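Below you'll find the structures, each written out as structure tokens.
Next, two complexes with subunit A in common: one pairs it with subunit B, the other with subunit C.
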Partner chain A sequence: MIEVKDLVKRFDGFAALDGATISVPAGSVYGLVGPNGAGKSTLIRHLTGIYRQDTGTVRMGGEDVWENTALKARVAAIPDDWYYFLQSTVRDMMRFYRGFYPRFSMERYEALKDVFRIEEKRMIRRLSKGMQKQVAFWLALCCMPDYLILDEPVDGLDPVMRRQVWSLVLGDVAQRGTTVLVSSHNLRELEDVCDHVGIMDHGKVLLERSLAQLQDTTVKLQVVFREDREVPPPEIPVLHASRIGRVHTLIMRMSAQEAEARLAAYDPLLVDAVPLTLEEIFIYELGGVDYAVKDIVL
Partner chain B sequence: MNYRDSRPIYEQIKDGLRKLIVTGAMAPDEKLPSVRALATQLSINPNTIQRAYNELEGEGYIYSVPGKGSFASGNTGADEARKAELLSQVRELLAELRYLGVSNAELAALVKEEQA
Partner chain C sequence: MQSRTSFFNGTLLRKNLTRFWPLWGMASFVGALFPLALVMELLRNRHFELTQIDLAGAYYSVASDVVPVLSLIYAVLCAMAVWNYLYGARSVSMMHAMPIRREGLLATGFLSGMAMMLIPYGVTGGLCVLVSLVTGAFSLKALLVTVLVVLGESFFYFATATFAAFLTGNLFAMPAIYLVLHFLEVILDSLFSVLAQGFLTGVAGSYSGALEWLSPTVYLENTVWIDRVVEERLVNQDPYSSYYDYVTTEIHLRGLWIVGVYVLVGVALLGLTYLLYRRRRSESAGDVVAAPWLRPVFRVVVTLLAALPGGMALYEIFWRSFQYSPYYQALPMAVCMCVAGLIGWYAAAMLLAKSLRVFRGSWKGAVAVMVCCAAVCAAMHTDVLGVAARVPNAEDVARIELRVAGNSYTLDAGKEDALIAQVVELHRAVVQDLDYLREKETERYNQAILQEDAERLGETTTWLWLKYTLANGQHLMRSYELFLTRERMAQAGTYDYLLDALVNGEAMKAVRLHDGDPDYTLTGGYVSTDLGGSYDLGSREAEAIAAAVRRDAANGTWGTYEWFDSSDAHDYAINMELTFEYQEQDSSGTSYTSTDWITIRVRPEMTETVDCLLRLGLVTKADLVTRAELYPEDYGYDAVQGEGDGAVLADENTSVAVVG
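Entry: the complex of A and B
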């Protein structure tokens, strides 16, 4: 379980994090989204113990992260700007990681050789960007982490490799109960891999829910009323309404059954509930709150 | 799984498994793939798959044995909600068929044909 409470971090007076609070249940995959500069990476650097918070708490499994070596031995991270030593090969880096992570598994290292197919004697800095990222996954998974922190992890990976690394990560979640926190801009992909989502903006967390909860409490309905109507009946609480011809598209914050029951009172010709994608949920939930948020769902 | 499908993933999993069970592609008491196997194979969150399994169990399509896994149930007559849902779908189809000029006699013949 990862718990961040009222986290504040200022750089030269600028509050990169302004009271951010998240809670990631153990064994879940948590997607952290938000526009550029929202504070995702800053938050992640607190989780990996790189930054020290001004105020607030950063805890994993009930322990504070800062300067906690025993805890950090159980946390593996892939930052967005990874670092490999000059002249180092995959094997060199493996030795380096092995020295820090007591649970480093050579068995896994050997098994993953077949998956990534990167010559371990090659110099990492001579590899392509995508291959360097593959090396990062290779090493991180060998650490047998309880917590896996990923900052835009699959950027630069080809479609086959994307699925490959997700399958490895999710296998670990199912088998070992690894807790994963992932920041990403790819909402379509997050929908498959995450079970919890948090959205950040301006150093705060605007919304945090389980995916199931999000999808069960928001519904999109296509409705045709018997009489020609300009707008849906005013008694019906809608988040967003639009109209093409006689078909009204209504976004409502309730379950599909409840929405259909409420509309049935108007004896409509047609009511069709369409599930919302994560992208749509974000657009409608947050479109009114802040325009910058809208930009992430491109 | 269809990536263009906008329905929630767990519903797609539920529908897929339900189809396998109803059509007999999965025999009664046959073991379903484990949550872990499905998660790695489809690159889908294991908790999402567990949720689909739990709901299918609630609807009576599958049963689970602790420590052994989930299995397809033999009888699936218990699910009233699903029955109602399917009947409303049939009604929609009937409305469209009538619109296209298919007569009641033809529809009745179709039902008979399916029985045989």
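Entry: the complex of A and C
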């Protein structure tokens, strides 16, 4: 389990993290989403022991991460801009990782050769960005981590390789109980792989739930009121409302049953609950903190 | 290979060595050239002999002179290689995400760097040992001493480079900080000395070296020295070609304690580095200064380094031509220093903030800079510390080097105590008249007194240069342009009087001729006349002439410096030099034979010397003609006038000029 509590990190007075709290259940795939500058990468750097927090706690499996080599030996991370030594080949970097991670599996390394199909003796700097990302996955998975921390992990990968990589990661989750935290802007993809989601903004985690819970507690309703009502009743808590013709689309933070029950009091002509995507949840949740897509007239 | 400990990682060590092999490989190659050159010399010249002492001398020369400089430069290159991961956000993230503690990274990185430092020395040293074994000149003691020096200095320099590496987050700032750490004392000492010279009368020397131990390279170069025990031996005992030569019988490297002290300093710096790393924030990659508490120190150092030379440069450009005395004027200098200081202050702020927008809200710091600059100028102008008035006590002096009246002298405590006391008394008298000197200098600077008028009024100037070496090892240098008058010279207690008493005293004349000084050996010289004769002197001829000059000195006809007329019009047209040899040691302690010579101006009243020259057949009676008689047009006489004036000028005594 990954637990971050009241995490604060300031850079020259600017609070990149301002009391962020997340809780990632063991063996889950946790999607960390948020707008640019929300603090996702900063939080990830705390999880991997790169940054030391100003205040708050960062723990994995009940242990503090900072300078905890035993714990870090069970954590593998792939940052958005993976670093490798300039003159090194894949095999050189493998040897380097093998020297640090006690559980590095050569057996897996050999097995994954067939998956990634990259020449071991090629200089990494001569590989394409997508291939470099594959190398990062190759090595990270060979470390046999209990915790896998991924920052924009599949950027640059082709669709087939994306599916392949996710398949490997989810395989580890299923077989070894690996806990995965992934930060990405690709919400459509996260929706497919994550079972928990946290939404960050301005250094705080605004919302954190399991995906099912999130989809259960936020509902999108299409409603047609009777002719005498042109706007939704003000007493109904609506995250977002729009209207096309006489059809109102309302996003409400409650279950579909509860929302339908509350709208029933206004005797609508039509009430229909439709599935809500993660992207919609992200946009409408952040709309509450002034992050709605603005209609800009040029 | 998986590491079992979090304090060291073999993989990282190997990676560092394999990544940066071109650096230590190239250094090893360059180092190997020296023993290889020796091998080539041995192959080419079969008669080339290498003794144990020669080899020990070569080792010690390298240890005392070469290793500090090489290590200074090479350590920073190794540190830039090993710690370069600290300076990139991506690399520092990767290394700090690895399962190894900061201590482990520090220890492994340091060992990697030390290995890179020592491999070239090892290669070079190993080859040297092989060569020495081949020639049979192997010296175990010299080898061990040199190895210890190399180990100690390599450790110290790499520790300081590592310390500098952790002060910054910027690869380009790192060598700059390293060099400033090593030479800040020398730089500031020199800058303040130059500034003091501009403000204060008599202050000389652009470097005092008072805290030289803070500049390890300079201090090591000056403190670790080679002690050679030298004997004069008959060489090549062949009846036709034998000669005496100085032969080194023992050789030792002295001052090694300082290497030990610097090793301890290196250990302390490593401890500080560890603390710095524990507190270092990975996000400081790219920052000029990595530790927040160090930012004010950085700004102050940059401001100092800008204000002092910058202020003096601005003064030279904008104010020098307006000043009314040879000394700096406090107010314009303060303005110039403020401008330069503010430039440094804000430049440092820009470097720290990585932004040009640093002016808002920083007025307090700017005011502090201006106040400090004004305070420095005021302190210099008023000589708050009493630097200009400082005269050491005679009993605290170990040696005085003196240049006056065209001669240079070295007076050592224990040998020339009375003369040292005289010099100190003279110096005190000069210091008491500093206001008078400044007034005279200002008058002359403004050309209120023309040189011809001064001479007509019986005034002249002379330079007095003094360098004290005190018993505690400190040095004090002063240089005065003294204004002399006949009136003051006749007045007891004035510096004019004391100067004349010193320079024209019998004891100083004896010092000039190294009379009775066992350290100096008269070896020869030459005599030539303007009418054509020229002879090299053997040691016996030189001894005879020196004895004659001594008799003339005793008779009062040689050695008196005439302050108000140094013309050679009434010298005989004879050029004569006597040459002395003596043993000296350079700054590293290496002994060598040095030469000193004295130019004797021969005048008609020097009857003993003239007789001696005639007796030895070095001159004839025809050569006894004065320069005024020989070249009347050069001295403003015609032949008739010259004869008439000759009687007047013949009273004046002979002067001597010695160039050491």
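The definition used in the following text is that the second predicted complex is superposed on the first by the 263 of 298 C-alpha atoms of A that agree within 3 Å, B and C clash if a C-alpha of one lies under 4 Å from a C-alpha of the other, contacts with A are read in each partner's own complex, and residues count from 1 in each chain.
We adopt the following convention: a residue touches a chain if its C-beta (ideal position, glycine included) is under 8 Å from a C-beta of that chain, and two chains touch if they have at least 3 such contacts.
Predicted model only: the values in this text are computed from it and were never measured.
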Superposition on subunit A - do subunit B and subunit C clash or fit: fit
Which superposed partner A:Gly198 touches (first subunit B, second subunit C, both, neither): neither
Which of subunit B and subunit C A:Val173 touches, first, second, both or neither: first
Partner chain(s) touched by A:Phe100 [first = subunit B, second = subunit C, both, neither]: second
Partner chain in contact with A:Pro153 - subunit B first, subunit C second, else both or neither: neither
Partner chain(s) touched by A:Pro268 [first = subunit B, second = subunit C, both, neither]: neither
Partner chain in contact with A:Gly39 - subunit B first, subunit C second, else both or neither: neither
Touched partner set for A:Asp81, first subunit B, second subunit C, both or neither: second
Which of subunit B and subunit C A:Pro232 touches, first, second, both or neither: neither
Minimum C-alpha spacing, chains overlaid - subunit B and subunit C, in Å: 26
Set of subunit A residues, in rising order, touched by both subunit B and subunit C: none
Touch list for subunit A against partner subunit B, complex: 27-29, 163, 166-168, 170-171, 173-175, 191-195, 211-212, 215, 274-277
Of all residues in subunit A, those that touch subunit C in their complex: 11, 45, 48-52, 67, 69-73, 75, 77, 79, 81-83, 85, 87, 95-96, 98-102, 104
Footprint of subunit A on subunit B - complex, ascending: 6-11, 35-36, 39-48, 51
List of subunit C residues in touch with subunit A within their complex: 1-3, 6, 9-12, 14-15, 19, 88, 90-94, 96-102, 104, 281-283
